[in-house]
Each structure stands twice: as structure tokens, then as C-alpha cells.
């Protein structure tokens, strides 16, 4: 078994990022979009931790703390917006957001 | 980590602390004393406390020591960042003035608190040279702006605009974070200076290209450059007026400055050259493509717009294209021209949104036809809208013209023997000639077309506070246009001393 | 002292804006006062002018870029300042019958006059460009609000053409500023800086065509006729009389002085375009049915002479061009005054075929007299300023490119044809068709119109009979340091 | 004598046991039902298992949107705990300033709770 190097971690985080991106782009329900947004942020977290491990200093991991907080704040804002939208429009699907046009 | 001296931190982050306290104070005032007061009084009190907070922060910023840095780059104090903080505070005061006497929401305290928190985020963003602090303050600004966009409970547009802004913003934040993490991985440090040294050997490392692309995508969203601009028209149209004005002015000033800092300091080694016949790979050609696209698309689509707010949105996209020239010129003078351009652009857009607010209040819609005959009804409003529109088009005696001139001089002076970005400057000037058409369309509605009877007079009294704010902004734009040295002198001295 | 013309005009524009709404007579009074004051200062300044470039004021404006607020005047700028003074006063006199929104009309009018004064007096490239663009916006509003036939289209077309022209000039200006080391935008220092030949080769056409668009250079002249016809009388007088000279002056002062080698390289092309402009303008004017379009195309053709004079690059051609600027300014003003204010405001039609019904020569004898004098001057009859200017242009053109001189001679001939045709159709049509009806009675010529026409006729006559008045100002100014590049380069 | 185990061997063994442990009895029960007591469906047999009412409507009930607000407020305090962890670990070596800073952090979050309470978000009828 070759030892697990930095490249492997980056491949995994890149894969996670792409899955998240794909999820955001294609899924219709807002909640699933939020989940894939979270996925993308956590992919970045994984990359950060791997980089910090291979760079030998802790800056990356400190950054992970703050990104988790930011992700939490972001989701709470997103949920609040879904509540606002649901009170207005009874549905949380993306394609009804079409009133603002070119 | 050496033991951090927290009191020194408090001293350095004085303005931000004062502003945060002011935000909490506004909340407290609104929730405790003003529980049952009518909405006008609550707005007056909230506005008064926020302006007091801004003045306090301004005073605190004045007494700051000339130079200072906390935890190597986390919080950098130098004349340039102080100047930008002052500009952001001025923009905030005018935004607060624009949001008084508007009845789009009952949660008055929260609205003012969020504006102040967004300003805190911008001030931190402007004064940091550390990836962590840049990301956190960028997100603080963006999140408060998302909520500000969603504040108009009654209209469905506001919630929808906020959601679109949020989704784009979230995705861009993820891209930015991934780019920053790759950047950290390659260079081993999170401080911009350390990154530049760390990247010395790795110019053509594929990972660096991915990191660069991701970072540019992340910031591209914030400054609404073309491929990432889709949120801008909807947000400008859907958001309540004061938040749309703040998104257009404040966040653009801060994000352009931090983009310039990251590119000039962080990616210093990979500048490349976007000159006409000698293209060298780097971030300059990448930004050149973005600038070209946003100038073309921004101006051309703005011509067909019927709603003045969407027109301002597309003109904002076009102006981001022009401002990118300042980032690409990668020199102290380029930075100075960028700061001058974005600050004067911020003031002009705020004023333009102020006039749109008053017209919307009187006629209920921001469409072009609702501006008919404004010149006759209220001459001051008509005159200041003419000042704002002509300054955006770049007509001389106004600030917009000198801003563009200074930008183009900086851009052409980059590779001075071979007049570097002259092709982009030619496109920029041609496009600003095109932009004169749709700015004159607005002025035609104001001055030439007679007021049709259809524009019913919705509310009798015009909003005095907004009128004075709009008038003051118009005077400021004319003053900065006729005597640009008021702002260019200090900015140039500051960029010189900041060692850019 | 001359700088006060600029300050007075902008000051009166400000005062006009602050006047109370209803007071029409007050607005006219302030307008006339501002224009008169400007003209008096202009003439006083030109009387006391020492030879060579006379510095008026030089204050650092943006020191970090080396830009300073620098007013100065040499022979050429003084002549054109005097022309602006006359045109401003006469323009106000001929807009005495403007009824609605008078205050705003005169405010925009004075801003336009201030901008024009500023261009003629500024010797700093940046400042010249600032005033050059200030003049664009008032033109748009003056035509769009108070104009006549399809005014919004004409106004927008004019504004966009001038803005595109100034955009091209801006590119050249920034390139010159940066390549010359980016330390100063002073005209004299930039003229002394030897730009490389290849640089001048591509910058000169850019800047020259940028300015020449406003001067009605042949392929880019299409805004002129529609703009002049759409404009109200006073504005069309100012447009043809002074604003077109702005472009020609800019071409002379900036393009030719800063890039003499470029001027030489492109000399024949410009000469050809100017010559085509003369002939084309004259031919089109020959077939026009609308009286004002005839005058519009005639001003394009006369501006062709100015550009031909500029293209000759020799002293006599250039001084002829400057004199032609002055003389055409006065003559075009007179022609538009007659067509717009005196005829159209009374008969409300400009169709040449229909005008004979009004039997103008009998009902308005003064108008007929003025138009005969104006058309004589425009044809270039000796005794009027047109003749002196065009003669010099032809001598200069013969030295530089004889073929074009002959062609423009033909253009002159066609010019005589269309002027006489318009004169005959409008005023002296054969009356026997309706001998019995004396045509609708037309209200008599008012006093402001009379003295306005008098001033213009006097100006063209005086310069025609004693051209040394202006030539003593113009010719020595070609020996100033500004034209050194031209002198040793082109063998002036 | 320590044999050189591949570091991931024990992981594989662990996974194997985890799978076998539940599946084996289920497989046996399935085998027994098929071989000996095949099922004979009847109305009584299909009735709900114990006593109690027949269930009406589908199981998926639409949550009231106010639950989201609860979720949001919980989320913030949950992440706050994340920051308290390193604070607690390094507590002994911290200067006075650090404790004041942490206090400010906590007070800010408490202030958020007070605001939510005063706004009436938490109590709804």
C-alpha cells in the first residue's frame, strides 16, 4: 500500500467540491441546495486540514474553526430566507423564483 | 503564537469596536425604549444612534497611530486603510440617511444594526492582509447584505432577490475558500506577504492556476463582473432601496480594494502581462478578459433596460469592468486610481439611488416613464440626477471623468515603453461613449418629456432628509470633480507610504 | 483678463438657475447681460494683447499628475474668443421670442458659451479637453427641449457624434501624456517633446479625426445638417458659427502642433477629405427642398475650406483657415438668423417651393436685404470676409496640392449656384402667380433682430474691407514656439 | 515479537464482525420462516399490531415553519460550543486579556438570545 500523500486528500476534497457544485446546480429544492453548499464548504475544510498537516503549521486548522462558524451562520441566514419565502409563496422550489426577469 | 496583547488589539480595532457597540445600542434602543413609539420616531432614533456610532468610529480612526500591524497582518493600520475606512463611514452615513422615513419594514432597529455590522465587516476586510481575516470579514459583509436585501417583507421580489443573491454568494464563498486553501497549501502561510514569498518557485504549478481561478471567481462575484453578475440586476431591483444602494456602493469599494491587495501582494509573482502583442500568462490577462466582457455586456444590455434600477445594475457591471483596469495596472498609482474611482463611483450611485427612492415614493415605480417631467416638478432633484448620470457617463467637470482619466493613465502607464493596456483603454473609452446614450435616455425623461397625467402623485410631502442627502452627494461629486486633488493627493501619499 | 469671459459666462449661468420661475424678462436681461459682458471683456482683452503667447493664469490643479489650470491666449485664440463674443450676443438677441422655460434655455446657453470660451483660452491639454466635453451636454438639452423637426433624434445624434469624437481624442491625449513621461499636460511643453515618428503616425489621425468630427469632416459630417435643422435659431447659429470651429481649433491647436510629423504623413488624405467635403456639401445643398437644410449643408461645405486650410500645413493656408473660421462663424450666424428666426418664425414653413406664396421680398424687405448681403458674403464676393479667407486658403492649397485647389474651386462655383437658387426661390419667386393676394400679412421685424443682423453684417464687412485687423493677430501667432515642430519639420 | 500488521488490517476485521453480527440472526429467522411457518395472511393478522386507533393520513407531516427558527437559534449556540472547547483546553495558560475576549464572545451570543426572546421569536401560540 503506498502511503497516503497530500495528493490523495486533494483528490478527495476536489471530488467532494464537484459533487457539491453539481448538487447546487441541478437540484430543485432549496434545502438540498443548502446541503450541497455545505458540502462544498466542507470540501474546502478538508483541503485546509490536509494542507495544514503537510505544511506542518496549524494556520490551516485555525482557519477551519472559523469556516465552520461561517458555514453555520450562512445556513442560518439561508433557513431564515426559506421561512420568509415560504410565508410568501408556499413552496421552496427554485424554478418558481422567476418574477425578476431581464 | 506569542501571547497576544488584547488591549493593543482593542486600541487598533477601535473604530470597528465602536461601530459594533453602536449596532448593539441601536438594537437596544429599538427594543427597549421605542417599543410602542410610531415608526417615524423609531427610525429617527435608530438613524441618530447609527450616525453617532459612525462619527465615533471616525473620530476613533483619526486618533489611530499612523502605522500598526496586529498578529502579522491580521489587522493592518496605515494611512491607506484609514482613508478607506473614512470613505466607508461616509457611505454608511449617507445610506442611513437614505433609509430614514421609508416605511418598507417595521423592524427598524435590526435594519440599522445590520447596516452598521456590514460596515464593520467592510472595515475589517479593508484593513486585513491575512487570508483568514479576509474570508471571515467578507462573509460577515455578505451575510448582512443578504439579510438587508430580504428586508422588504411585503413585496415577494425582495425575498426572491435575496435568495438569488444568497445562492450565488454562498457558491462564490465556497469557491473563494477552496482557492484560499489551495493558496495556503502552496505557500505555507496565510499572510499575503508570506504567500508571495512561498509562491516564488511555483510559477507554473497547475495547482496555483486552479487556486488563482477559484480566488478570482470568489471575488468576481462580489464585484459583479460579467460571468458572475447574474445576481446584480435582480438584487438591485428587488432589494429595498437603502440596501440596494449599500450593495452598490459600500461592498464594491471594499471588495475592489481587497481584490487589488490579494492580487498585487499575494499573487505578486504571477502578474503576467496583458499588453497587446506580448501576452504572458498570469492574473492580468485573466482580469483583462473579465474586464472586457463586463464592459461590453454591461453597457450593451443597459441600453434596452426599462427600469432605472436594472439600468443602474448593468451600469454597475460596466463600471466594475473599468475599475478592473486599476487592479491590472499593478502599481501604486493603479491602486490610487482604483481607490479614487470606486469611492467616487460609490458616492454617485448612492445619490442616484436616493433620487430613485424619491421618484418611487411619488409614482410607485422606478420605470423610466415614471421619471417624466421630474426636472419641472422638483428642480433640485432633476439637477442632482443630471450630476449623477453625467458623472457616471464620465463628463468632465464631474468626478466620474477624472476617475476614468486617472484609471486609463495608470493602465497605459504599466508597460510604459510598449503602452501596455492601450487596447483595453480603447474599448473602455468606446464603451463609455455607448454608455452616454442610456444615461441621456434617463435625462431625456427628466428634462425633455413632458409630465404625462398618468404619473399620479402618490404621497404629498417629499422626504426632506433624503432630499438633503441627495443634494449633499451631488455637491460632493461636483467638488471631487472640480478639485480632484482633495482626494487624489492624500490617496497617492497613502499608497506611497503603504509601500505598494 | 480674458479668463473673465469664462468665469462671467458660468457665473451668469448660475445666476440664471437661481432666478425665480416666472420672471421671463429678468432671465432675458441676465442672459443678454452675461453675453454682453463676455463680449466686452473679449474685445478689451484682444485690444491690450501683447504679441506672442500671453499668459493669463497658471494655478496647479492636480499637481500629482502635473496638470495645472493654465489659461493663455495667442493670436488665434483671441480671434476666436472675439467670434464667440459676437455670436453669443447675437444669439441672445435672436432668441428673444423664446416663450417657455426661458430661464433654463439661457442657463444651458451660457454654460455652452462658457465651455467654448474655455476651450479657446486653455493652454493645458487636460483643461482644454475638460471644456471641450463640457460643451456637449448643453447642446443636447438646447436642441432636445426647444428644437423643431425631429429634435430628439437630431439632439441625440449630435451628442453621440461629439462624444465619440472626444472619446477618440481622449485616447490620443492619454497616450501622448503617458509616452511623454507623464509629468505635464502643458501644450507648449508637450509640443517641444519630440514624439517618435511611428507614435505620431497612429496618434495624429486619431486625434485629428476626433476633433474633425465636430468640424464636419466629410464622412463624419452627417450630424451637422440634422443637428442644425433640429436646433432652435440661436442654437443653430451658435452650432454652425462657433461650435464647429471648436473642432477645427482643437485640430489645429492639439493635433497639428503636437504631432507635426503625423500631420505631414496624413496631409494628402486630409486634403482629399476636405476637398470632397466642399464639393459634396455644395452639391447636396443644391438639391435641398428645405431652406434650413441648404444652409446646413453650406456650413459643411464652408467648414471644408477650413479643413483644407489646415491640411495645407503652410503659414498662409493655416492663417486662411483661421480667418475662414471667423468669417464663416459670422456668415453662418447671419444665414441661420434669417432662415430660422426671421422667415420660419413668421411663415412656419421652410419648403422652398411654398415660400414664394408669402412674397417675402415685398412683405419683409429688411429680411431680403439681409439675406442678399449674407449670401453675397457666403458666395465669397470680394469686400466681405469670406473672400479674403478663401483666397488665402486657395493660395496655401495651391502650394501644397494643386489638384485639390482646382477641385475646391469647382466646389466654390457650385456654392454660388445653390446660394442663388435658394435666394431666388425664397425671396424673388415670380409674383404673377398670385398678383391679387399680397400673401398673409407677416408681423414686422423686431428691434433685437434688426440690431443682431446689423452687428453681423458690420462684422463681415469690416473684416472683408480691412482684414489686417485680424491678420495682424493671426499671422504672428504662427511664429510662436508651439509651431516649431511644424516649422523645421514641414518647412512652414 | 510484534508481527508487522498492515495498519488497516484491524479495520477490515472490525468491519467484518460488524456486518456478520446483525445479519446472521436475521438470515436464520428468514430461513426459518420460509422453511417451516409460511405466512397465511388474514384480516386479523393484517390489523395493527397492538390495540389503538387506525392511523389516518400519511406519516410525513408538514413541519410548521416556526420550528426552523428554533433550529437556527440552536445552530448558533451549538457552534459556540465549538469555540469553547479550545478555550477550555488552554484555559490555565491564558492572560487576563484572553478571558475578557472570551467573555465578550459569550456575551455577544447571549445578547443574540436576549434579542430573539424579546422579539418574541421563541414563544408562539
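To keep things simple, chains are lettered A, B, C and D as they appear, and every chain counts its residues starting from 1.
Note that a contact is a pair of C-beta atoms (placed from the backbone, for glycine too) under 8 Å apart; a residue touches a chain by one contact, two chains touch by 3 or more.
Keep in mind that what you see is a predicted model, and the values were worked out from it rather than measured.
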Chain separated most widely from subunit D, comparing mean CA positions | C
Whose C-alpha centre lies nearest the centre of all protein C-alpha atoms?
-> B
Count the touching C-beta pairs: is B-D or B-C ahead?
-> B-C
Cα centroid separation between subunit B and subunit C, in whole Å?
-> 43
Using mean CA coordinates as chain centres, what's the subunit A-subunit C distance in Å?
-> 65
Between subunit A and subunit B, centroid-to-centroid distance (C-alpha), Å | 26
Multi-chain contacts in subunit A: which residues touch at least two other chains?
-> 73, 80
Return all touching chain pairs.
-> A-B, A-D, B-C, B-D
Flag every residue of subunit D that touches subunit A in the complex, lowest number first.
-> 6, 8, 65, 68-69, 71-72, 75-76, 78-79, 82-83, 86
What does subunit C use to touch subunit B in their complex?
-> 17, 61-65, 126, 129-131, 133-134, 136-137, 140-141, 144-145, 152, 156, 159-160, 163-164, 167-168, 170-171, 174-175, 177-179, 182
Which of the residues in subunit A come into contact with subunit B in the complex?
-> 6, 10, 13, 17, 20-21, 24, 30, 33-34, 37, 40-41, 43-45, 47-48, 50-52, 54-55, 57, 59-60, 62-63, 66-67, 70, 73-74, 77-78, 80-81, 84-85, 88-89, 97, 99-100, 102
Per the touch rule, the subunit A residues reaching subunit D in their complex are 1, 65, 68-69, 72-73, 75-76, 79-80, 82-83, 86-87
Which part of subunit B faces subunit A closely enough to touch in the complex?
-> 131-132, 135-136, 139, 143, 146-147, 150, 153, 156-157, 159-164, 166-167, 170-171, 173-175, 177-178, 180-182, 184-185, 188-190, 207, 233-234, 237-238, 301
